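Structures incoming, each one as structure tokens.
Heads up, the next two complexes both have subunit A, just with different partners, subunit B and then subunit C.
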Partner chain A sequence: MNGGGETHHFRRLVAIWLVLAVVLDVVYYFVVGPHVPPGTLTSTASGAQFDFNVLFLIAFPVVLAVWVYWAYALIVWRGSRAGAVEPEGGAKARGHLGIQIGWITTTTVIVIGVFIFGTVELVVPAGAGGGEGPDPIWTPTSHNVLPIQVIGQQWQFTYRYPTFGGFETRQLMLPADTTVAFHVTSLDVIHSFWAYQLGVKADANPSEDNVAYTTTKQPGAFTVRCSELCGLWHGAMYNFGRIEPKAQFFVWAQSTERQNAANTKDLPPFAYTYVPDANGANGAYYPDNVDPYSKVETYGATSPGK
Partner chain B sequence: MAIDTRASISAEHSGDARPPARSPRRRPGWLGPHAGRALVGAIGGYAFGHWIGNVIASGYPHVQGSGQNDVAIVLGLSIGVAGWLAGAGMLDYPLAKIAGREPLPPAPSKSWTRYFGPALDHKVIGLQYTVVVLLFLFTGGLLAMAIRTELLNPTSHVFGPGTYIAVVGEHGTIMMMMASSIVIGPLGNWLVPLMIGSRRMAFPRVEAFSLWIFAAGYLVILTALPLGGFPTGWTGYAPLQTQATGGMDAYLVGFAVIGIGMICAGFNLLATIINYRAPGMSWGRVPIFVWSILATAALLTLATPTLVAAGLFGVFDRTAETAFFVNEHGGSSYLWQNLFWFFGHPEVYIMALPGFGIVAEIFPVFTRKPLFGYRIAAAGMVGVALLSFFVWQHHLFQSGINPDMRPLFMLTTELISIPTGFIFLNTMGTLWKAKIRYEVPMLFALAMGFNFLIGGISGVFLSDVPVDVTVHGSFFVLAHFHYTIMGGLVFAFFAGLYYWLPKMTGKMMDRRLGKWHFWTMFIFFNLTFFPLFFVGLLGQPRRVFEYAQNLQTLNDLSSVSAFFLGASFLIFVFNFVRSMFLDPKPAPANPWHSLGLEWQTPVPIPPYNFPRIPVVLADPYHYGTTDSQVVADLGPQTLSLAGAVASSTPSAVASHTVTGEEGSADPRPPFA
Partner chain C sequence: MGRGRRLALVGALLAVAVGLVVFTTMAFLRSSPPSVDFTAGHQAGTPVDLTLQTVGSVGFGPHPTWVSYLTQAPNGQWVHTTLWDLPAYTRINVTVHQYDSGSPLRNQQYGQVIGTIGGDATLNGKTFRVINANNGNGVAHTFAIPTLGIEVPLYANKPSPNLCAAAPCPTNSPHNIVSFSFRTPGPGQYPWQCFIPCGLGYLYGNGGPMQTVGYMGGFLKVVA
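Our next item is the complex of A and B:
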């Protein structure tokens, strides 16, 4: 036979695979696992880290099963090897019912398992930080949810705090140990609000309110980047935010509300979506000879002065 | 097996009983249809269309206000494409028919000039396609070099943001257009009739049309750059699309044009595979590559119309001020996302299945074993094709639309990995106790398996909604689909090219240079794209020109490797030019000792492939049996082939097949 019997090859393969898979999984879990992005700043970030780790622990043995087999085959059954014999064809080489059924069963079990795991991890943590549209079906259990509006426009994010008179800032501040609902919308094109260390991502669609939940844990800094191509300065559309202890956050929020009171009066009243006008759409929808405040073009919007 | 196929041939030629056609006026050769005349037609058509557009729309308020006339650009490009097609002679036949004349089909030409004009021979068209897709590939590759140059440094810039975003969009779009046809066009058209024992494609004129309109798409998408580029990337999301400048029109028209070509290529291949199989070529004997082309052609035919329709909506939004994609005016920006990805996800498998087919076709030849699990391979390809229509919303996981549908699309996306996994079962089963020959095609096929596994497993991460919250729209996605498309399809394409070029051109590619090409491409491909998984995990979104300082090392590793990856293609070009033109080495008829029907033909293959329709006796995977059968009865003189195939010295196979002279004994075109 070609370098040993069938079971001989099979046992050797399983042994190599088992050792490598166990070693890789254990090393990964203890050495890499705790440092996997996006970190542990919020509930959704730790959730994502946990999901990454579980998927990696499943993926390594699968990848190794294929690679170990290929490496073994490419070395042991190379045609240039001394004593290589002509392979056998015939029905046995064309298929093996047991192997085929085993393969399909195994892959199906893995896939269904990954699906059930993913669904639980999506539904239980209230959408896992992803945008759930205007009517979220998976909502947090907490009754104290801080709503914060994220407004994307070319090419910056601004944030409105309806709880504090609807003031608007360019720096996202969050209280620690609080469930937050991000209401993400856009004034022009599609953006995507990606608060990387928070484990939150939600597209900002014009005229749509896209809600994403997370629960902050300890204080810390995070980055917000636009992750949907939105035109010329997409690459420069980022800013930074902080999670502050609750008391500090409330001091900041109330003082900002007071400081910005005059500006807030000039803003459109807080709403979940905004129809773009000359202020919001960057002028892009309105060529120079079109009056952005005519009844036809703005669907009844009035200019800030009126 | 004395089955008389004369009846079927004469039935095919029953049209010959017509009275002889009126001879058309002879024109000098340079006036006839060819690429140069097509280019003149394209430029003239563009100028004419642009003028018409200015006449129609220059008075419109939005045109005067913006100084940009999208109507003129769209009409210019559309009529330019029509001019290109007219110049290439694509309208000669239908116009002559309308005029009541009976056009003569061109006589089969042996001159090299036949590669620059319209052809009805699927082998000529296949080689023309090869050149055009390589043009796409190298153009897109140069743009990729430009992107990686910009990303060498996180904050100092080579390009302005506008140029950078135009380059990114152009790279993505050109590569997607290329990848949708890179196997279907060159190898699909060239091989399918030979593999199924047909003298031609079902619709040779449609085949020529699909090639020439594909080439027109290349010119249209190139015009996007002088028109200012488009800022949307290859996905063209509205409403950014609606506010973009003139290059966007080139994107929309270009994709529609390419889409029409894809539909034509798709249904032509479908019709050919279903109807033109030789006697005895039952579904259980069809080569696995043909199964993959069948599944791909079905996707091309069924998915691409959505793209063409979406492109038309976009054109209307930009020219006639409709509001299909404008939320504030009653449209929806989700509509473009849905239409685009309803095409776009089957498109992803259009870019994967032919690669599977090539790999599954090559493995048995270089392992000297039958393909393991033929039925499961065919079922897997059909299964992937079917499921691919039910997964598109995983591109919209964070968009806010239909959150209740997410578990369903997570399930369908993960289910598709089951039939995709069959290809690994086939290759692994075929490797079991094989006798592996490390020829260049086999190396590329093995690398395809290696790369596609990484691409596929990372796809499962993306399909998991909670994990997708982090990786969606990041460099992780980018690395994932470069692993499947470039690492999978492009590697498979080169496997196929090295494997079939000796038959296509009659010349062998240099083995040493081929191995140099392989190793440099394989190593630097992985060094380019593997770091990008980490770049994405560490928070870098796609299509940005500025990134965090701490990601510079990984980005630089990727960039430098990308330059070497680009250089590896130069080895291929050098090898190709040297082996084909400078120092050609004639190829034996069957250099790899394959049992495939296409290898049982002489080199060069005569026009119309087979002097008579072969009778297929077995599938092409009878390796390793002592009672080897002949693959097909190619004619009376080939019956002595029995028993010669398994030992398969190339000369034995070649000497028993019909010669070119006998092949041209029946030069009547079957599509007169």
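Our next item is the complex of A and C:
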């Protein structure tokens, strides 16, 4: 194979690859991209969708480069083809400096670029919906944040709204266009609060206040699942939630506060964490030697201290 | 006996041993409490009466000290199971004979009645919507079907040596009667369970009977 032939093949390969890559990326971006999960219900969900789309747009040309070369070689350089040239050994088989430099440079740029992109996207916006522990580093810019406590217990999530009298419910309702701070904790074993369509995921650890932020955008439904294997009924530990327009949310919150008033007064004072071993509940596995029938012991809540 | 026959014999014995191990393992994995059928002879539009009892220690079987639910079959016999076949789109009138003692709740949220017809239940004939578990005898167990949004706390008995400790409990043992109704949805399998950590001696009280079908949780098999 002479130098002119190699140049011809190289240009043809690049041309085929470039056309296919541009077509595939454009089609993906406009047709598939807007529908990629987890959707656009919140800022963090939109961020995750953007990340997936960027990774796909980078990956398609790379995959196509391999597939196009593979198909081209099978068709053009197959041994049975009339006039096929036998492979040459010797010095020409040792490699091509230009291709080697191009390959190493391209892959290095892609890997380092994805590394930087991924690292930035892990923390933007405001922790990217991940649990940041009790003292978050990446906080939202909004000064008007709605706190909602997520309480994991075998095998159900419940939610407390401290700004609405501290009522507790099994239904997670959120107002649209609002920055929300989820304070995630557990009353027993480790759970994980995963609101997929919200782009929020935070571990629920006993005696820990794990904070995750998101900003809701438009109304819609979402699912909450436990994503930490927590026992027999782990698979049934899910419920559904909704983002409602602000006015409807306030109607719901105020009516729920009224409806639950009788039970709310029996709840412990709101705290960011609770002490599951000081409530005297059944089970007799509590290291503080609580009399399970004592009327003194209650929920064991500690003051927020914040 | 020749070498070939000895090898064949050893091979056959090995095959039998492996077969027995596989059979036993599969039998264990596939074992399940019986399901009580409330659909046989059911006429559409008529309610189904479901009677249960909760007992602090079941008193028999492989785990006699475990807390458990029991189900009364349509023929009146008590069955140690938490699996029921129920007709779809039907009112289920539930009566629970609660024989166990209790305590304050880990989460008082479970002291609320939620999702029943009328949003309430009756305790010994008296209507209630909330039980403050920090007062009185506390709450022993709950009856909850999370996927249907149903939750009913079962008021506890005062701790006493006279409490029934072996099922099925006679009605002259101290107990509370909690009644409520709900409607079954369309066909499907819906898990139900107790949400009170009542697995005595297990981590956070949620092991053992709390994680074993047939004791403190099971399934509603709703059929068309």
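Definition applied: the second predicted complex is superposed on the first by the 238 of 306 C-alpha atoms of A that agree within 3 Å, B and C clash if a C-alpha of one lies under 4 Å from a C-alpha of the other, contacts with A are read in each partner's own complex, and residues count from 1 in each chain.
Just so it is clear, contacts are C-beta pairs under 8 Å (C-beta built on N, C-alpha and C of every residue); 3 or more make two chains touch, one makes a residue touch a chain.
Note that the coordinates shown come from a computational prediction; the quantities given were computed from them, not determined experimentally.
Novice: With both complexes superposed on chain A, which partner does A:Glu168 reach: first (subunit B), second (subunit C), both or neither?
Specialist: Touch status of A:Glu168: second partner only.
Novice: Taking the superposition as given, does A:Tyr196 touch the first partner, subunit B, the second, subunit C, both, or neither?
Specialist: Touch partner of A:Tyr196: subunit B, not subunit C.
Novice: Looking at the overlay, does A:Thr108 come into contact with subunit B only (first), subunit C only (second), both, or neither?
Specialist: first
Novice: First (subunit B), second (subunit C), both or neither: which does A:Val85 touch?
Specialist: So A:Val85 only meets subunit B here.
Novice: Quick check on the superposed pair: does A:Gly127 touch subunit B, subunit C, both, or neither? Answer first, second, both or neither.
Specialist: After superposing on A, A:Gly127 lies in contact with subunit B but is clear of subunit C.
Novice: Looking at the overlay, does A:Thr178 come into contact with subunit B only (first), subunit C only (second), both, or neither?
Specialist: neither
Novice: Check whether A:Asn239 is in contact with subunit B, with subunit C, with both or with neither, and answer first, second, both or neither.
Specialist: So A:Asn239 only meets subunit C here.
Novice: Contact-wise, after the overlay, does A:Val63 reach subunit B, subunit C, both or neither (first, second, both, neither)?
Specialist: First partner only.
Novice: Just checking: does A:Asn260 make contact with subunit B only, subunit C only, both, or neither of them? Give me first, second, both or neither.
Specialist: A:Asn260 contacts subunit C only, not subunit B.
Novice: Of subunit B and subunit C, which one touches more residues of subunit A?
Specialist: Counting contacted residues of subunit A, the larger count belongs to B.
Novice: Shared contact residues on subunit A, subunit B side and subunit C side combined as an intersection?
Specialist: In the superposed arrangement, which is not itself an observed complex, subunit A uses residues 188-189, 231-233, 236, 276, 284-285, 299 for both subunit B and subunit C.
Novice: Under the definition above, what is the set of subunit A residues touching subunit C in their complex?
Specialist: 151, 153-156, 158, 168-170, 187-189, 231-233, 236-237, 239, 260, 262-263, 266-268, 276, 279-285, 292-293, 295, 297-299
Novice: Of all residues in subunit A, which touch subunit B in the complex?
Specialist: On the subunit A side, the touching residues are 1-2, 9, 36-38, 44, 47-48, 51-52, 55, 59, 62-63, 66-67, 69-70, 73-74, 77-80, 84-90, 93-96, 99-100, 103-104, 107-108, 111, 114-115, 118-119, 121-123, 125, 127-134, 136-138, 184, 188-190, 192, 194, 196, 199-203, 205-208, 210-211, 223, 225-236, 275-276, 284-285, 287-290, 299.
Novice: Subunit A touches which residues of subunit B in the complex?
Specialist: Interface residues on the subunit B side: 61-62, 64-66, 161-162, 164-165, 231-233, 235, 237, 239-240, 243-244, 327-328, 333-334, 367-376, 397-404, 406-407, 410-411, 414-415, 417-418, 421-422, 424-425, 428-429, 431-438, 446, 449-450, 453-454, 457, 460-461, 463-470, 472-474, 537-539, 541-548, 621-625.
Novice: Going by the contact rule set out above, which residues of subunit C touch subunit A in the complex?
Specialist: Listed in rising order, the residues of subunit C that touch subunit A are 101-109, 111-112, 114, 129-130, 132-135, 138, 140, 146-147, 149, 151, 159, 191, 193, 195-207, 210-213, 217.
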